[in-house]
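So, here come the structures, one by one.
Both complexes shown next keep subunit A, but they swap its partner, so subunit B is in the first and subunit C is in the second.
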Partner chain A sequence: MDDIGIFLQIIFWGLYAGCIYILLGTGLNLIFGVMKILNFAHGEFLMIGAYITATVFLFTGINPYIVILLSMLALMCIGAVVERLCFRPILGTGKLNEIFLSIGLIYIFQNGAAMIWGDSWQSIKSPYDGITIPVGSLSVPLDCIIIITLTAVILVALYIFLKKTRIGREMRATSQNRKGAMLIGIDVERIDVISFSLGCALAAAAGTLWVVSGQVFNPYMGSIPVVKAFAIIILGGLGSIPGAIIGGLLMGIAENGTAFFLGGVWKDAVSFIILIIVLVVRPTGLFGEKKG
Partner chain B sequence: MNFRYYDLKRFGLAGAIIIAAAMPFLSDNMFLLNLLTLMLISIIFASAWNLLACSGQGSLGHAAFFGIGAYASTLIAVQSGLTPFITIFLGAAVAAFIGVLIGLTCVKLKEWFLAMVTFGFAIIVQTLTVSVLAPITGGWDGMASPRLLSPTIPGYQLIEYYVILVITIAVIIVIWYILKSRIGLAFLAIRENEIEAQAAGVDPVRYRLIAFAISAYLAGVAGALQIHHIGYLTPELYSVDNSLWPITYVILGGLFTIAGPVIGTIVLTIIWEGLKATGLTFGRYVIVGFILILTIIFLPKGLVNLPERVHMWWKERGRKEMPDGLQQ
Partner chain C sequence: MKLQVLLIAVLLIMAAFMAGCTQQTPNQQSNTSASQVLKVGVIASLTGPASNVGNNMWQSAQVAAEKINADGGVKLKDGSKAQIVLIVGDDESTQQGGQKAATKLITDEKVDILVGGYSSAVTSAYEQTIAEYKVPYIVTGASSPIITHRTDIDTSYVFHHVPTTDAYGEYVIKFIDQVIKPAIAEKSGSASDRPIRLALLYQDTAFGKGVQTAVSDTIKKNNLNIDLVAQQSFKMGESDFRTPLTTIKGSNPDVVFLAAFPNEGAPIISQARRDIGLNTIFLNVINNDNAQFYKDISQYGDGAIIESMFSPYIAPAGEVGDAQNAFKQAYYNKFKTYPDMMGASTYEGIFIAAKAVENSGTTDKASVRQALVDLKMPQVINVMKNQTISFSPDFRESNFDLWMEQLSYNATLGETRPLIVWPDNQKSTDFTLPSWYTPGSA
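== the complex of A and B ==
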């Protein structure tokens, strides 16, 4: 009975940790789908989102679950500027350039944040800290339930946006065939900006959830989650959003399982080991779209 | 205009070697000498990264090879009592061996995927160093490393500088020779168009592995030199920051060129140390980030390309001054 309890606990914490990776991974996937770039600086948007949430919460005391809207909005603007000024001039000049550009962005965002907020580790306490709700044999913190619900709401909203609205349809068209989309009169550059901003907003939401869940953050924390998000979208298949969701859950569970059985040092390394195994064995991912 | 910018290359090369050799005599400042030594090591590191990039593989985890070279060399020196002058090359061989293993993992991967795997690899190596291997590596605390030359020798820093200068020049000559040879041509072919290269009889897997081995070896040499120069090593060697520096140097100087890493390292080191005087801490990195992005957008071939760009601009300018009818 005790073993099953621990097992459930690991799965549950994995689910909860997975939420942040799912949001980050979905954002990356969205940007990759439309623009065919993978931004290594995506984790920095998570970091900025985390700091915005923490700052607003500490100064005004507004519930951080409401601040999520503000941080998403702020990151949408930052994302639009970054796309317009940095990525658009070099789009199509080679994949290596895009990697190097994101390195420049990493330098700017990490140290810019360090200039504003300092470089020490920080954390804040959620207003619902300590409240737990019994679910079956487990007692689950209220924050976990809110975080999982919030992630689900954001994903459903994204799904509806992509399926039902005009811009969403244009984004899917661009992602399927950029030239074809141009031919039927879609302004692909506008779609680029919108999808980049949306991806950034999802990263900001992930940042807010990171802070609210009581995890520590500093300006340099973004680079590890982003590579984990890469691992997830490769696990799930590039461009596949359901794949990113399942990949995120698997990653969260694997990470927490390893941390429990092998010790906390291995928490980061395990995601890269998974990434390498997936890349070597099945580069298209578990749910990868077949290339035509 | 009698001045030809092609002459820059010849004069630049001769001038650079003379200045590098004479530098310690211009100033007997120990701080400056130390800085120059570290700069030479960065040049080796950046050149090693650039060699791998020449075969079309942009690594984001070169700190792994840098660190493996340093750790292996130190451990061999401590265990066997050999002088660091020999263990540098043995430690680098360990880095090259691991480099081939990583290369084998990456044979089918390109661009983003390669970048991610190498990035993750540096973190895996760091994790191994501080967990499983902690009893021999000293974990997070690191360990003392034998000095290249004992500090009791008079003028040991000066000798060290010249030793490292000779190694740096040797490394650059080796890289120049490799890039000029058939191997270099094969790298170029793979980088530009892999399918065509294959059709022309170039085996991409083989040359990718060669690039990984040589690049990891040279990065290992750089790591071992740095650690024997400083005399202490920590797992910080594997940090992301350390992986990104050579990339920044090469991009600024000029990707895929031999002079690029050298010029990039020198210019950026001067900027970096100059900014130190202004008292900025994080601001320096922000400025480096802006320099990197501006270089990628406005000077994609790096500073090496600058004289040519100025030359072209000069010629264009002359043409525009002509009457309209003569332009075409």
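== the complex of A and C ==
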């Protein structure tokens, strides 16, 4: 493989890695956009999604790219319960409560998952394990192509939902002006639970793609991705879905590019270096809007 | 509203309870009919990312203590016999957790001796406490030589009973030079003086850097004809290695040496063979020889090499092999799974602790420390140099004899299984280059 080939391959790995970040970041942004809450336990929804997909796949043999739907549905239900029981009572009572609540949730989900599935690292083999297809001069795993395609499909579906459906429009209205939405008769509490559930479903999708890509997972896997997801939404602009998409892609490519040029130890650091630069130059993030 | 607040409180209490469960200390794990007890503190990662290895260490310690107690216990100077009582401290796979566990075992539980310690970073963090209270500590997990080489604190009470990263690097490089190099020359028909192209992928921690240093030092010290064509690092706990592997592939290596934990080593090899098409020989350090690694690596492990001193699936011939098999069986009977090499060194660590107390005839910590310094006991389940466990006078390190295993895929099991291929006095078969192997090129 020549230098250009290696570079293109690295960009491709960045695109694929970015897909998982995009789904996680978009879900987090959806929740933040509507409810304005900080949920540090969002990575645990990715973890649970990963385990649900892996468990169903191992027990039934159903293709994990189909199980993703079940995993997303399960996380929507879990998300609805968490929103209703945990976040709704403290909504508007201060960021400190949200932070401590989400830290509590992290412990609950991590220890709960460890009790159910054990705390060893696990992995599964995708049904398309070992199949590679030529893309230009590159030879890439079929799973990565499916992951990129599936992410695009989910994002298009989300776009249509937000733009074309009544609930989607109500979510956008609530995101733009919560009081205004209430005044025109939108049931914002209903919108909150839908947004939170959708955000969790996107995290479940990210978790599913994580396991089918051949990465290992355990109950503590969510802590690093959630920090990156926060960096992505700040980078892209708080509450901005296009911002989360661009931020996720940038993050994936920058991380892999940096690992190539500077070494793997800089992989995590570069995300935050970019974040700091963007915040200095444009404090609202790439797609964030100035208030007032 | 009150109901909701109550529910949240209940959930948080549940969280605390569940966290407590995993940290719960099984205080008395054996009968204590004897009048005296020897309190052995075991520091292990029962929770957190290293819990797989940590639980293995703790469970192995239990098997050892049960065997010693069943054989009558530890003989003291006054003729009485003490039963071993194990008390576990969970380091939670973190430096803070390690500090908490060590302090609790020493000050609250007042243990006579400590065994265990996984992750060099975590273990180093509480060595100051060991130095302060002067409690003999047999480290059986952390592999960085820094554990007993550091000079910023007094480590005279710390004894290292697990191969260090210096040994990791040295054995693998010698194996490459003596076995793999001639095999590649034969297969590719290249000149015998062609240097072997070695790539190194290492975890960016004291452990990984220790292996990196050992690799370059061994090459330099022995003036070996080995070129280090790529050195890539990754963060501990990483799960996507495609980028460093792509870079390594670009360097056209003959072999790739991995300084990684099992949860990293298995995905590295799978991603390299499956996604990158890097059809080469992967060499893994000693800590990868555990059952989960074989399960995770599946068919992609075929042809790979693992450095080892204890394997869940094979044992060397002779008495020590019988002892290993007996330990594996006892462990399996109790826990329905197999121990790994950190478990094996911890198992032996309990025997060392018992022997040191027996030799000193007392639980006085200074006397036990001196007994460890003077220790010369027959090997228990690991193959030691001169078949004897003793600690070096300079850095209090024991001296293991390691071997190399080559994995071959068993389609019926759906996993690979190892066979010893080096050194000659222990091997059961010869090393072979797989048919799919592609040698590197300049």
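Everything that follows uses one rule, which is that the second predicted complex is superposed on the first by the 275 of 292 C-alpha atoms of A that agree within 3 Å, B and C clash if a C-alpha of one lies under 4 Å from a C-alpha of the other, contacts with A are read in each partner's own complex, and residues count from 1 in each chain.
Following the convention adopted for this analysis, contacts are C-beta pairs under 8 Å (C-beta built on N, C-alpha and C of every residue); 3 or more make two chains touch, one makes a residue touch a chain.
Note that the structure is a prediction, hence the values are computed from the model and not measured.
K.L.:
Mind working out whether A:Ser213 is in touch with subunit B, subunit C, both or neither, as first, second, both or neither?
P.N.:
In the superposition, A:Ser213 contacts subunit C only.
K.L.:
Per the contact definition in the header, classify A:Phe40: touching subunit B only (first), subunit C only (second), both, or neither.
P.N.:
In the superposition, A:Phe40 contacts subunit B only.
K.L.:
Quick one: classify A:Cys86 as touching subunit B (first), subunit C (second), both or neither.
P.N.:
It touches subunit B and subunit C both.
K.L.:
May I ask you to decide whether A:Val156 touches subunit B, subunit C, both, or neither, giving the answer as first, second, both or neither?
P.N.:
Once the two structures are laid over each other on A, A:Val156 reaches no partner at all.
K.L.:
In the superposed arrangement, which partner chain does A:Leu138 touch: subunit B (first), subunit C (second), both, or neither?
P.N.:
In the superposition, A:Leu138 touches no partner, neither subunit B nor subunit C.
K.L.:
Is A:Gly104 touching the first partner subunit B, the second partner subunit C, both, or neither of them?
P.N.:
both
K.L.:
Please work out whether A:Gly112 is in contact with subunit B alone, subunit C alone, both, or neither, and reply first, second, both or neither.
P.N.:
Both partners, subunit B and subunit C.
K.L.:
A:Ile62 in the overlay: touching subunit B, subunit C, both, or neither? Say first, second, both or neither.
P.N.:
Neither: A:Ile62 stays clear of subunit B and subunit C.
K.L.:
After lining up the shared chain so the two structures overlap, which partner does A:Ser123 touch, if you call subunit B first and subunit C second: first, second, both or neither?
P.N.:
In the superposition, A:Ser123 touches subunit C alone.
K.L.:
Per the definitions at the top, what is the overlap between the subunit A residues touching subunit B and those touching subunit C?
P.N.:
Residues 86, 89-90, 101, 104-105, 107-108, 111-112, 114-115, 119, 224, 263, 265, 268 of subunit A touch both subunit B and subunit C.
K.L.:
Within their complex, state which residues of subunit C touch subunit A.
P.N.:
Going by the criterion above, the answer is residues 1, 4-5, 7-8, 11-12, 14-16, 18-19, 21-22, 47-49, 51-52, 204, 232-235, 237-240, 242-244, 246-247, 249-250, 262-263, 266-267, 270-271, 274-275, 277, 292, 296, 298.
K.L.:
Subunit C touches which residues of subunit A in the complex?
P.N.:
Listed in rising order, the residues of subunit A that touch subunit C are 1, 3, 6, 9-10, 13-14, 17, 85-86, 88-90, 101, 104-105, 107-108, 111-112, 114-115, 119-123, 125, 129-130, 132, 139-141, 144, 213-218, 220-221, 224, 256, 259-260, 263-265, 267-268.
K.L.:
Can you list the residues on subunit A that touch subunit B in the complex?
P.N.:
38, 40, 86, 89-90, 93, 95-97, 99-101, 103-108, 110-112, 114-115, 119, 223-224, 227, 230-231, 234, 263, 265-266, 268-269, 271-273, 275-276, 279-280, 283
K.L.:
Can you check the complex and tell me which residues of subunit B touch subunit A?
P.N.:
Listed in rising order, the residues of subunit B that touch subunit A are 53, 58, 60, 105, 108-113, 115-117, 119-121, 123-124, 127-128, 130-131, 240, 244, 247-248, 251, 255, 281-286, 288-290, 292-293, 296-297, 300.
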